[in-house]
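One structure is given here, and the rest of the page talks about it.
As written, the chains take the letters A, B and C, and residue 1 is the first residue of each chain.
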Amino acid sequence: MSHPEMDTDVESSRQERAAAAVRPEKGMEVFRWVVTMVVVALLAWGLTADIRFNRLLGAIPAFGRILWLMFRDPDWSALPGLVSAMWESIAIAWLGTVLATIVSIPMAFLAAENLAPRPVVFVVRQVFNVLRAIPELILAVAFIPVFGLTARTGVMAIAVGSVGTLGKLCYEIIEGLDRGPIEAADAVGATSPQRLRWGVLPQVMPELASFAMYRFEVNIRASAVLGVVGAGGIGTLLSQYISFKVWERAGIALVVVIVATIAVDAVSGRIRRRIVTGPDGTVDDSSIDPDALGEASIIVHDRGGGPGGAGDQ
Amino acid sequence: MIQFSNASVTYPGGVHAMKDLDLTIEQGDFVVIVGLSGAGKSTLIRAVNGLVPLTGGSLTVDTADGDGGRRSHEVVGLTGAGLRDLRAEVGMIFQGFNLVTRTTVLNNVLMGRLHRVPTWRTLLGMYPKDDIEIAMRALERVEIVEKAYVRASNLSGGQQQRVGIARALAQEPSIILADEPVASLDPPTSHAVMRYLQQINRELGITTIVNLHFLDLATRYADRIIGLRSGELVFDGPGSAADDRVFRDIYGRSLTAEDVMGDADEADVQAAAGSVPIEGGAPE
Amino acid sequence: MSPFAIAMGLLVVVFTAVTVYATDFSLAGIVEDLGRPNSSFAGLLHLDWTQVTNTRALSAFVETVQMAVIGTIVGGFAALPLALWNSRVGAPNNAVYTIAKAFNNVVRAIPDVLWALLFVAMVGIGVLPGILSLIFFSIAVTSKLTSDVLDGIDLGPVEAAHATGAGHTAMLRTAIVPQVLSSYISFLLYNFELNLRASAVLGLVGAGGIGQLIDFYRNARAWRQVWGLIVLFFIITFLVERLSLYFRRRLV
C-alpha cells in the first residue's frame, strides 16, 4: 500500500456518494406493452378467418404418408423431362433478369435526382414502385393472353417484375456516386460517353452486377412456379403431379427444384463474392463494403432490396 | 486457494503458452500478473475458469460452496454442469468490457446471476427480486447505480468497465479474474478502476488476479507480483520487491515509456470514479 | 478491364444466347405480340374500378391480410431459434448446426406457391393451406436473414456469459438476442410485406385469399375485373409498405 491516507479518503467519499446515489425508477415500458398488445390483437383477429383448424390434425399423418409415397418407389422415368423443364425455368429466370437489367439502367438515370429533372424522376420512380409491388405470377396471368402459354410469357413476367427492384437499386447507386472519378474524366476533356465509360460505369458495375446476380437467385424461385398458370418451366409438371397426386413423380420433381435452386445459389453466391471482393479476396475498391451487399444489410438499410415479388426470399 | 501443479497449455498451432507451471495463490490475495503480450498472462487467467483447458498437469480451484463451507474444483477435464458451477464462483473482467451495448446496464449486470436464475425466467426477462437487488448493490459498489436503466452503449469506457466489474460482483464470486482491465482506458480512469478492484478485494476478501502491462500500476496495487515470460514463471514476490531490474528480467529488454502508465492527478481519478471532487478535499 | 471482368462478360453473353434459344425468345416476336389486340390489355384500358368497393373483393382482401399476419407472427417467431442454431456461435453443438443449416437450405429452396400446392394436397383448399405455406415461407426468409446478421455480432458478451457459468440457452437470450433484436424485427416487417404479396398469389392454386378471386375472374376471361383486383391489391400493398418502411426506418 503506497498511499494509505489516500485510500481512506477515497473510502469515506465513496460512502458519502453511495449514500447520495439514488436507484433510478424503472421507466414504464409503454412501448413494449403496446407492441405486445398489437401483436396479440393482430393474431387474434387473424385467427377469426375461416381457417378450420381441425384439418390440421389430418395434416401430420398426411404429410408422412405423402413423403412415404413420394420416395418409396419413385418413378425415375420422369427425371429427364423434369430436368429439361427445370432448365427452362432457369433459362426464363436468367433471360428475364438480363432483360430487366438492360432496361433498368437507362431508366435509373432518369430516376436519379442528380441527373434528371424532378417531374421525370417522380414519374419513373412511381413506375418502379408499381412494378415492384406486383408478384410475377400475377404478371404472368395478365400476360398469357398477350404472349400465349409459352416460356416467352414467363420471361416477360420475370423481366417486368424485376425492373422495379433493379431500377431502384441502380438509381440509389447513381445518386451515391463518388464525384471524384467523374470530375477527373471531365478534367482530361472526356466526352459524355467517355465520361460514362470511365467515370460512372466502373463505380456502378460491381454493385449492380452483384445485385443482378442476387436477383437471378430470387427469380429462379419465381420462375419455378410460373408454370402453375402455364407460363413455362417446371411449374406445370409440379402442379400436375401434385394436384393429381402422382406422388412417385412429384417427389422427384420436388428434389429437382430443391437441388437446382441450392446449386444455382451456391454458384451465384461465389460469383457475387468474387465480384465484390476481387481476385485475392480483398476489396479492390475501397468504396464498396463487401458485407454491405448482403441481403440482410440491403433490407436493414433499405437499399433497393424492397420486396420485388412473391418469390423474393 | 488456486493451485497449479506442473500445468501446461499447448495451443493447436503448437504454441506453448504455459510450461510446467507450479503456482499457489492463497484465498484473499491480490495478485498482479505481468509480462509481455504473448507471455501467457491471458492463458493463465483463463485457465482458472476453464475458458482455456490445460493440456497437461493439474489445477485445483477452491471456492465457497454457498453454505459457508469450501468446495474444491479439479479443473482439468471439467465439463458441462461442473464447469458452469466453477465459473459461477469466478467473476471475470475483460479488456474490451464485453458488455452487450444494445441493452441496459442492469441487464448486463444481471448476466452475473444467470447461473442462479431458472432458464425460463431468463428467457422471459423476469428476474427474481432478490437477484435484481444483488445486481443493484453491485452497481452501488462501483458507484454507477444511477445508470441502471441506461443503455450500455451510452456509457464512457471507464463507466463500461465499472459495469463489467459489477457484472462480476453480481456473481458473488470467490475469485475475480481481470484480463488487462485498464488496457483500453486513460490514466485517471485506469487508477479509478484499479482502486475499485482493490477495495473489493479488501472489503469482500475476494481473491483477485489481474493481468497488467504497466509496471507502476502493478507495484502500486499488487500484494504479490507474478512475472511470466514465454509461458514460464520468472518472478514471484511481493509488490515492493519488484524493481526495474526485476521488470527488465521479466520483459527481457530495457524498459520504455510504454511500460509505465504514469500517475494521474487525484482530482481526475475521483472524477473518473464517478464523483465530483470535493472542494479542497483532495490529498497531496 | 480485368481478365475476370472479360471472362464474366463472355459468360453472360454465351449464357444469354443459350437461354434465348431455350425459351424460344425473340424481340421481334414480343413486338408482334404486343401489336396484336388482346383481351388482357383491353381489360386494363377499361378496368373495373368498382372492384375497389366490391364487398366480395374486400372480404377476400381481409382474408389475404389475415393469412399474412398469422404466417408472419407464427413463422417469424419460429425462425428466431432456427436462425440461432443456424449460426456457428448460436448452435449448441455441431449436430444441431448441421441439421439446422440443411433444413434452412431446403426450406429456402422451395417457392411459396410450391408450399401452397403441397399443403392444398394435404389439407384441402382454403385459408389453412395458405397459412401453412406462409409459415414455412416466413421461416425461410427470416431465419436466413437473421443468421446472416448473427455472423457479424460482437463475441465479447458471449465469452462474458460463458465466464459467468450461464447455460447455452441463457447465453443466447442475454448475450446474442439483444444484439440482433432490432434487425430481426426489421426482417419481420419486411417479411410481412413479402407475405402480403405472396398471399395474393397462393389463391391461384387454391390456398385462399384474393388470388382465388383473381383465378375465378381469369377463368371467366373477365379481364376488366382481374385488373381491377390487381389495382386494389397494389393500393393495399403500397400502403402497407409505406407503414412498414416507416417502422423499419425508426428501428435502425
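One rule holds for everything that comes next: contacts are C-beta pairs under 8 Å (C-beta built on N, C-alpha and C of every residue); 3 or more make two chains touch, one makes a residue touch a chain.
These figures come from a predicted structure and were not determined experimentally.
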item: Shortest path length from chain A to chain B (each step joins two touching chains); value: 1
item: Pair joined by the larger number of C-beta contacts - B-C, A-C; value: A-C
item: CA centroid of chain A to CA centroid of chain B, Å; value: 46
item: Where chain B and chain C are represented by their mean Cα positions, the distance between them in whole Å; value: 48
item: Separation of mean Cα positions, chain C and chain A [Å, integer]; value: 9
item: Touching residues on chain B, where the partner in the complex is chain C; value: 49, 51, 83-92, 94, 96-103, 107, 110-112, 114-115, 117, 119, 122-123, 125, 164, 167, 171
item: Residues of chain C defined as touching chain A within the complex; value: 2, 4, 8, 12, 15-16, 18-20, 22-25, 29-30, 33-34, 36, 38-41, 44, 62-63, 66-67, 69-70, 73, 105-106, 108-114, 117-124, 126-128, 131-132, 137, 140-141, 144-146, 148-149, 152, 183, 186-187, 190, 193-194, 197-198, 200-201, 204-205, 214, 218, 223, 226-227, 230, 233-234, 237-238, 241, 245, 248-249, 252
item: Footprint of chain B on chain A - complex, ascending; value: 2-3, 5-7, 9-11, 13-14, 17-18, 21-24, 26-27
item: List of chain A residues in touch with chain C within their complex; value: 39, 42-43, 45-53, 55-56, 58-59, 62-63, 66, 87-88, 90-92, 94-95, 98, 129-130, 133-135, 137-138, 141-148, 150-152, 154-156, 209, 221-222, 224-225, 228-229, 232, 235, 238-239, 242-243, 245, 254, 257-258, 261-262, 265, 271, 274-275, 279, 291, 294-296, 299-302, 306-307, 309-313
item: Complex interface listing, chain B residues touching chain A; value: 136, 140-141, 143, 145-149, 195, 198-199, 219-220, 266, 270, 273-275, 278, 281, 283
